[in-house]
Each structure stands twice: as structure tokens, then as C-alpha cells.
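Sharing a structure here in C-alpha cells format.
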Amino acid sequence: MGGALSTSVDITLNSLVLGGVFLIVATGLNIIYGLSRVMNLAHGSLYAIGAYAGYTLTTIGFNYFAAIVIAPVLVAAVGLLLERTIISPMRKRSMVYTLILTYGLMFFLDGLIKQSWGNEPRFVELPAMIKSTIPILGSHYPVFRLVTLFIIAGVMTGLMLFLNKTKIGIILRAASTIPEMVSCLGINMKHVHIGAFVLGCALAGIAGTIAGPLTTIDPLMGHEMLISSFVVIVIGGLGSLRGAVFAALLIGAVQTLAEFFITDLAMVIVYMLMAVILAFMPRGLLGEGRFE
Amino acid sequence: MDKHLTIPDNDKGITAYKIAAITVLIAGLALFPFVITNRFYISLINEMLIYGLLAMSLDVLLGYTGLLSFMHNAYLGISAYVVGLFLIHISPSSLWLALVAGVIFTSVVALPVGWVQVRTGGLAFALLTLAFGMMFHTIVWKWYGLTGGDDGLMGVPNPAITIFGWKIGDSGDPATMYLFTLVIVALCYLLTRRIIRSPFGAVLEAIRENEERAAFIGINVRMYKLFGWMLACMLAGVAGALFILYKGYIGPTTMSAFAGAGVLMMVLLGGLGTLWGPLVGAAIFIYIQDYISTMTEHWEIYLGMVVVLLVLFLPTGFVGLGSYFKRLGKE
Amino acid sequence: MKKFLFMSALLVFAVMMSMAPHAAMAADPVNIGVLVPLTGIVAQGGVEMKYGIEMAAEEKGTVLGRPIKLIVEDTQVKPPVAVTKAEKLVYKDNCKALIGVFSSGVGLALAQNIDKLNVPFLTTHVMTTQLYDLHPLVFRSGQLANDQTAVGNVKGILARENLKNRTYYVLVHDYSWGHDAGERFIALAKQNGIKIYNEKYDKAPISTKDWSSYISKIKASGVDGIYMAFITNVIPVFAKQAADFGLQAQGVKLVSAAAPGPLEMEAGGEACHGIFGASDWSWDVNNPTSDAWEMRFWEKFKTIPSDAAVHSYVGAMNLFNAIEKAGSTDAKAIADALRGISYDGPYGTVRISAKDNCMRNDAVLTETMAAPDNPFGAKVYMKVLETFPANELGPAE
Amino acid sequence: MEAFLCTEDLCRHFGGVTATDCVCINIEHNGLRSIIGPNGAGKTTFINIVTGRIPASSGKVLFQGCDITNKPTHELVKMGICRTFQITSVFKDLSVFENVRIARQARKGGSLKIFSLKKHLREVTEETWNILERLDLQNLAAEPAKNLAYGDQRVLEVAIAMAGTPTILFLDEPTAGMSPAETRHISDLIQGLAEDISIVLVEHDMDLVMSISDAITVLHYGSIIAEGQPDDIRSNELVREAYLGKEE
């Protein structure tokens, strides 16, 4: 049952799944920051809300795949509500106050999660057909993790198509490079900001729903994911979607290998890399990032 | 006095009101442990003072030099661990040596970090503090042999507090520790207030106001940002030393990213750039965190709401309330 | 600005004055401080501990002719928070004793401050062996200590054909309790010829949420047994993720250093079947006291009776009886009375040893499986396989 | 006679675009030299390179004989090379007095004093009042800079630059957005300064340039197309073309 081949299969697939979840959360954060210069510390809580929404939907009868579609829509609705009430007035304010506001928002959302779903870990009931494992190169790998990989790939390609091909997507991308020019073209920047924030929240929701069955759903799951997604967007270059792809896969692999080989200091090296990039290569791995 | 030697408005200077207010405050705080002997309140105010000092040190960075640090509590943690380990392993009785060792070690660590930090500004600076802070947190959390990992530092002795050989009391006794903390925090406040109102402080404020113009009047912006950073980290180091003496315990959670952002909230609650505002902000934050959390399990919801409403409607914090109402009155 | 400054200085002073305690209440009831985790990952265990203590206080009624008043505080399983709350209970609420506490980290941090607090401290869910003879005011009457569980588990493994000749992979939570449980089991297992794959056991942070890399490592090692020392809530999580990777399906057996709570097993569902573990009690134990206690607990709280609840119930009874025996609420008198006291509860006599302040009681080896029909509607339960007498467990006296 | 400040083949490229194309310019000890040219001619880029705001791609900047290319800004200011910005850059929340005082203190020294009070730097305070009086800002001394009228803020910025006791002062469109009265006030001020220190003025207001400049340099697409007295420049064919384009 052992063997080096099957282990490397396990490690690669595990790091791809982890990297994929990081990528979706980080891309959400990038889109929100890239377009509206809002660094959303409550992004982790939206990820957790996505996981809990997926859990509740599966318990009241929806099947797993339906939940993956519905839950992000709910989180996007929460995002819309938040944007209209407390995020949009912050647009003109300094970055310090936006950070503190979203931090307060995170406390508020975590408290709500604890109040409505309690503290104990929750488990998502997976549909029977994807509960089993299939042998790949001698290692029994869970089917639903492969399904998750496909879902992640689907979401990212969908996002890329949306951003590159559709009219709205192009506007969003243009606005992230030169916001002033876009507003001169008669495009209402208010809608762009709303669209960006809601899209970012939806992505956090999707990542949460997907990660639900992979890890433990408990109120604190958002905290760690928030820090990992910060590391990813910084190393990939703030606001750079392509940079985030490389950074997410890199951090996913480092974290999986660190846990596999129990090297405690692996994460220290990751933070050191983040520091080096921030201080000496602020435009990130691919040189596409931008600090306002 | 010759008009040419007066500086208009910017320094209200020491007026009768201000001296009276400060003496009333310090006298009140000093008498407190004798009036109310219940040790719970003494410990609560002690914790408020320590976090107040930490919040004040962050205000030196944020309110005066315009640099946002996400994890300023990391330097409190480093100093606390160093003082704790010094007391456990090197000499359990020499309090002052331990304090000095803690502050010096924190500064030695803060210097190279500061050198890298000041190469950046704005959001990059903030994210860099997160990177370094998480680095220190992970080292402390994973180095189980030395720091006790998740259990934190165990068995930190309570050395006697002796000033020039005269034994005042045992740092384990809350009332003595409280007075010791009060004296040190008051000294740090007065010292920092003096530094902030000195020519050096004026340079920091110029950098906060407009970093590029500051460079264009001949200020070596990086060097002065580094000095501001070192001052803030040393004050956090003092707070860390007091923390380990008061609590007898330090764990990775005190150095976590979320405790760091909590300090940021204290500064905002109090009021940026007022130096004593964060002391009030820390008192309010600790009051909510320690006192209200005994009433309800969901104190986080209320704390989150308070912060969101504050940022939206009262960005100058509670201390700024006065000037806010004054401006309202004037309009 | 000047006038405002003066006003705010007075305001702060007034706020402090207002916090002063109101007129000292009539010192009628005996206040007992209850420290349990009501938030965080082990909240469910904390709630059950609270229920057990509340039930004991209700059934005991009075102590020294005075009503028992429980004041409950949430430790959030964080040592600094627990210390602050303990100070509040002793200084502000004038509690005469502290009971409860989940996790060795919190227990040891409180034990360090016990001289300042100067009240007896009876832990009901702190399993570290460091508690043996730690401090004259610190006691244990609850969940088995790590050395006792290790004895129970090793004896259970040796007595079972399908467990004896397996190779065990030891994986623990990276903090004092986890290390202690791992070391104890490995030492005893090697003495009795049980094969251990990794004698330098693997450590995983408490905050781990995704166990896939640890599971892949176990798969790679080709072992057919896992000895896991996790905080109770994490056991079903690990079991479920291991089941996802098909470990149990390929015949890997799980042995746990701590007994998971019933509600956590329900959540884990099928994946939790086949977990072995020594513990004090399970509702499958049938003797008149146990069965009667189960029904009283079920009627009162409508939640499946768990060992966390029964430990705390017995611990509380020991504490109340000790206060009665001491005849006063003086800390030293209660402590002396606690040494040697015993209580006949649902899992037999629980005696607190006068030599090391920790309890001695019978233990059972259990295996989780689908539950027969039962009044509590439980789908999964811990079947009792074997009982071990008290004198085989714990350091010599 | 060795020039006070000169540049040798100074170039600056942004990607493919050459903003400054091998500019060689000599600036005298005093007097007022204007740099004019159509929008995008590279005037501001040139000043940004010389004052150290952006690094040069190639070429050298010499000041009193020594090479100061790409030196950090604060060192250049200590040598007396000061400037104002096209977009007013002052310390908004600080008072007018503090704006000038801090500039004076930064230049004179004393910034490392951490225990003495600001008012202990007597000369700094006195010199600040003198500068304010010379620029007629003394009755606005206590006002925070952000409350000042736009024109006054431009004057304040000149005051800040003067507080650095410059030996050479670069003024980037000081009269932009000013009323005729304010423009006259500034131009008298500049002419007064030009007696003892060297002024380099970047300006679009042709009447102002022609009336007060001692020498004019015309930049077009990053390179110098004409240099000389105001009268020569007024009649120069190339200059008219650069501005008005070729007559068909």
C-alpha cells in the first residue's frame, strides 16, 4: 500500500487542492483590492460563512453540488449588503480606517457565526457516489477531493473567461489599472466598485463551500485562511491575478510539504519570502503588483 | 516677550487646567489600590495600564509618524518571553536586569527589522509588519523546547521589586505590582510626551503629514522613520516586561495577528495622534473584552459593532470627542 | 480642549469608582467557581462538564447548612483568559473553591497562580501526569491521567488478537498533554512488545484543520494501527478525514488516548466506528447507580450522558463532601479534607489519593460502534469491552 | 568659468519613451533662467532628475564641480538645491508657522534633539518669522496650511523652499492657477530672490517669462531646441514651430 510513488501522488494532489482554495480566496481579495483599493480583513469571515452556508444547505436537503452554487450567491448577497452600508462610505477615507473598520467587521461576523451555528465542528454530508476512494498509481485518493480540483479549475477558468471575454469583465480589469480613465469613459464607478466587492465575496463564499468537506468547519476557520491569502496576494503581487496563481500553488505546496515532513520552520521561511518581496520586490513575483 | 521668540498656537504647553487634570488622574490611580482593595479591579486596571502603554507606543508609530503596524504586540511578546526566560534560567531575583535585558533584546531585534521596514511605506509597511510579526509568532509557537509552544512560558518566578536596594514588595502581590506598573507607565508617558513635543517629534509629524515634502526640506526620511520605529518598539518592550511580571505567563496567542489588530483598535478607540487617547482606548477595549465577556458569550459582536460605528461616525476616537463637539459648536 | 481634558480625567476616575463592589452581600451561600470552556473547539465538552457540576450541586443541596452557589466562567481554552477569570471568581465573587478546567495547558497555568488565589482547585478534565503531587491546593478527580489511560490502552491491546500484533503510528497534538500521552503510551507499549512505527512521535498543531498531509504520511508508512492523542473534539474530525482516505476501509485500527464525547461521535457518524480507548465510563456501563444517574441526567438536560459530565459530577460531589468534612470554607482545611476522600458514583468508588492529590478509580476499555436502541436516541456509542480495577492504574501509593 | 550647476548628456527613458534626451545645460550663480516648452516637452522630468526625485537613465549632473547624479533628495537639499512642486506639496495639518519652521530646523540642524522643546531653537524661530514677514504670511502663522487659499498655499511652498536657504531654487509653474494680482506678487518675489541666488523657473505664462528671465531654454520632445536671451527666443523660428506647429 505504501511506496514513494503513491505518496508523491498524495502530496501533489493535496497541495493542488490546498493551493486551489488559497487561489480562489486570494483572487477574491485581489479583485476587491485591485478595483476599490479596500483591503478587506473580513474576507476570512465571508469564507467561513460560505462553509457554514454550504453545511446548512446540505443538512436541509440540498445536495452537495446544489449547495456549491447556492451558498456563494448567499455570501455575495451578504457582500452586497455590507458594501452598500459600510464599505462604500470608506472609499474616500484613508487606508488605516478601512483596515480597522473591516477588522471590526470580522469580529462582528465571527460573533454572528458563533451565535447562529455554535462552536462545535460541523461535517458536510457528501453525496454517496463521491464518498469512496479511487486508486491512482497505487494510492487510494478520495474521489471528492478530485471533484474539488475540477470545481476549482472550473471556477478559475470561468473567472478568466468572464474577465477576458465579457464586457463587464473588461471594464473591471481596465478599472483596476487606471480607475480615473474608466470613469472618464462614462462608466459609473459606483457600479464597478459594487460589482468588484460582490464578486470578491462570492469567490470567498465558493472557496468556503468547497473547503467545508476538506477541513473542519468551525468559527475560527476564517482566521488562518485570511493570513494565508494575504501571503499569497503579496507574494503574487498585490492586485495581480496571474501572480496569485503562482503564489497560491507555491504556498499550498510549502504548507503541505511542511506538514508532511513535520518541518516546523517551513512557515517561517514563507513569511521571510513575503518580507523580502514586500521590501525589495514590491511588484511581486511576476512584477505585476501595484501598491497605491 | 519679543514676538519673534513665541511659537503660535501649536503648543498649548502646560496650562493650569492640564496640570490639574493630570495630577488628579495620577493621584486617583495611585490611591486606587488603597481605596478599593479588591484585587480583581487592581489587576484589571493594571492590565489596562500595560495595554495602554502598548497602544501609546503604537500611536507614536501611527499617530505621529503615520506608519501603520499590524502586529506591534509582537515586540511586547518578544520582550515578555526574554524577561520570562531570563528570570527562569538566569537569575530569578534580579528584576531590573531582566527588564533591561528584555528591552535591549527587543531593540536589537527591532533594529534590523526596522531597517527593512522603513524601505517601504503605507500598505506595504503594514503588510511587512504582518510578515515579520507572523514570523516571530511562528518561531515562538513552534520552538517548544524553549518557549513551551502552545502551553506558553510556565513557571515564571515573581522577583521582589527593589529600588536602590529598598525592597518595596513582591511583584506577585497585585497592589505592589500595580503601583510599579503605574510609575513606569507614567514615566514612559511623560518621557514620550516630551520627545513628541521636541524638534525630533516635529520631524516625525512632518513625515506623517507629507513624506515627500519632508525629504525635500532635507530630512533623511528613512533614518527618522527608523528612530520613530525604535522608540515605538522600545516602549512596547517595556510593556512586555511589565506584562510578564504582572501576569506570570506569556503565550503565542498574546503575540497573534488578531491580538495585534486589537491594539490597533485600542488606538482608534482612544484617538490617533493624541498620545494619551490610546490609554483611554485601551481601558475601554480591556473593559469590553474582560468585563463584558463575563456577562455575555457574544462580546465579539458588540466589540465589532462599536468599532464599525466608531470608524464610520467618530474617526477621531473618544478623546477626539471634545474637539469634535467643539467644531460642531463653532460651525 | 482644556476643559474637556479636565472633564475626561474626572470621568475615568468616576468609572473606576462605579466598579467598586456594591455593599458586601449577605455571606450566606458558599460560592464555588466553575471554570469550563464555553467557546472554542471544545465548547461541547465544557457544557457537559457544567451540566455535571450543576447536577451535583442540585442533588447535594447545601454544604455546611448553606446553599451552594455556582458561578460559571468561560476559559475559552486559553491560559491567559482562564487566569483572568479565576482572579475574578476568587477576588470579586469571593469563591471558596475552583472546579472544572478542560486542557492541561489551562490547568497548569492556573496551578502556577494558585498561591496568589489561595483556594483549593479541583480539576475534572486535566490529564497531564504533571498534576501528580504538584501543589497542596491542586487536585484531580475526573478524566483518567495519561499514565492510567496508557495502562488501560496497552492492556486492552494485549488482550485482543486483532490489536496485539499491529504496528502503531503515534500522532499527538503539539502541547504538554499530547506529548505526555504519547510518551506514556510508547514507553509502556515497548515494555509489552507492542510495535511502534515512530518512537519519536509526530506532533500536529492544535489549530490543524486539514489532516490530509498527516494521513498521507501515515498511508506512506504502511502501518495498520494509529495511536492518536487529540483534544476530544478533533477525534471525529480526524477519523472522518482518515475514512475519506479509506484508512479504516483498508483495516487500519484507531486507538485514542482520550475518550471523545457522545455528541462529537454522533456528528462524526460511521467514520467514528471502531475507535478503541480507555476511559472512566460510558453509558454502556450497567450497574444500578450508573443506570439511575443516566436517566436523571437525561431527564434534566435532554443530552446524551457523557464521561465529561459524569467526571465533573463525581468531582463536584467529592469537593462538596470535603467542604462538609472540613467543617469550614478555609482553603487549607478543605484541601486536607479532600486528601483521601472518596465517593461511590456511577463508575464505582472514586478516591482522591492522600499521597498525590489525584483520584484512583476503575476504568473501562471501550470500542465505538453503532448503538443499540437507547432512550437517548444515540446512533453511535462506546461499548464496554473490559474493566480494569483501580489498583492497576496510577502510581503506587 | 565653471558653471554653478550643469548637466552633461542627461537622459531619461520611461520604457520606450525618451522624456529627457541628452540635455546639457549650464546654470549661473544667480539670475533667473526659465525653461519653457509645449506640454510633454520634459520640463518637469528634467527638474525631477536634477532634484533627485527620479533617477537619471544616463548622463551626469555636476554641482560646483562635483557629481551629484542620483544622490538622495535630502543630501541635495543640504547642498542648497531646493524646489517647489507643480501640485502644491505642503504639510496640510501643520500650521503655516510650523511648515516653515520645520524646514528651517531640518536645514539648520537640531532635529536630533529629543529632550529640548521646539521653542528652545531660538534662531530657527526667529528666522522663520523673518521669512514669513518677507512673504507677508505672518498674520496667517497660526492657520493650518489646509485652510489657506490656493494662492497663499503656493506662496507658502515658496516660503518652505526659501527656509532651506537654497543656493539654487527650482520653481515648477509657481503661478499656475493664480490670479493676475497674485502672479504679480510672486513675480516680484522671484525677481527679488534672483539677485542673490540662482532661480530656475518652469512656466507657461509667456508674458511673465519674457519680462523677468535673464536667460531662457526651450525644451521640445526632451531636448533643447533653443537657448538665449528673451528677445532671441521671441523671434526664433524653431520655437514658434514647436509651439504652433509648421505653417503649411
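In order of appearance the chains are A, B, C and D, and numbering begins at 1 in each one.
One rule holds in what follows: contacts are C-beta pairs under 8 Å (C-beta built on N, C-alpha and C of every residue); 3 or more make two chains touch, one makes a residue touch a chain.
Treat the numbers as computed from the prediction; the structure is a model and nothing was measured.
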Inquiry  = Need the graph distance between subunit A and subunit B over the touch network, please.
reply    = 1
Request  = State the chain with the largest centre-to-centre distance from subunit A, centres being mean CA positions.
outcome  = D
Message = On a C-alpha centroid basis, what's the spacing between subunit A and subunit D, in Å?
response = 49
Key: Distance from the mean Cα position of subunit D to that of subunit B, given in whole angstrom   = 42
Query = Taking each chain's centre as the mean of its CA atoms, how far is subunit B from subunit C in angstrom?
reply = 37
Inquiry  = Counting only residues that touch at least two other chains, what does the list for subunit B look like?
reply    = 297
Inquiry  = Could you pull out the residues of subunit D that touch at least 2 other chains?
reply    = none
Ask   = Which residues belonging to subunit C are in contact with no fewer than two other chains?
value = 39, 203
Remark   = Contacting chain pairs, sorted by label, are A-B, A-C, B-C, B-D
Key: subunit B residues within the subunit D interface of the complex   = 3-11, 194-195, 197-203, 205-206, 209-210, 212-221, 224
Request  = Spell out the part of subunit B that touches subunit A in their complex, as residue ranges.
outcome  = 62, 68, 116-117, 119-120, 122-124, 126-128, 130-132, 134-135, 138-139, 142-143, 257-258, 261, 264-265, 268, 272, 297-308, 310-312, 315
Key: Of subunit B, residues touching subunit C in the complex   = 12, 15, 17-18, 20-22, 24-25, 28, 32, 35-36, 38-41, 43-45, 47, 141, 144, 148-152, 154-156, 172, 174, 247-249, 251, 253-254, 280, 283, 290, 293-294, 297, 319, 321-323, 326
Key: Residue ranges of subunit C touching subunit B (in the complex, touch as defined)   = 1-10, 12-13, 16, 19-21, 38-39, 73-74, 78-80, 83-85, 87-88, 91-92, 104-105, 108-109, 112-113, 115-116, 174-176, 203, 205-206
Key: Footprint of subunit B on subunit A - complex, ascending   = 39, 41, 86, 89-90, 93, 95-97, 99-101, 103-112, 114-115, 223, 227, 230-231, 234, 238, 264-265, 267-268, 271-272, 274-275, 278-280, 282, 291-292
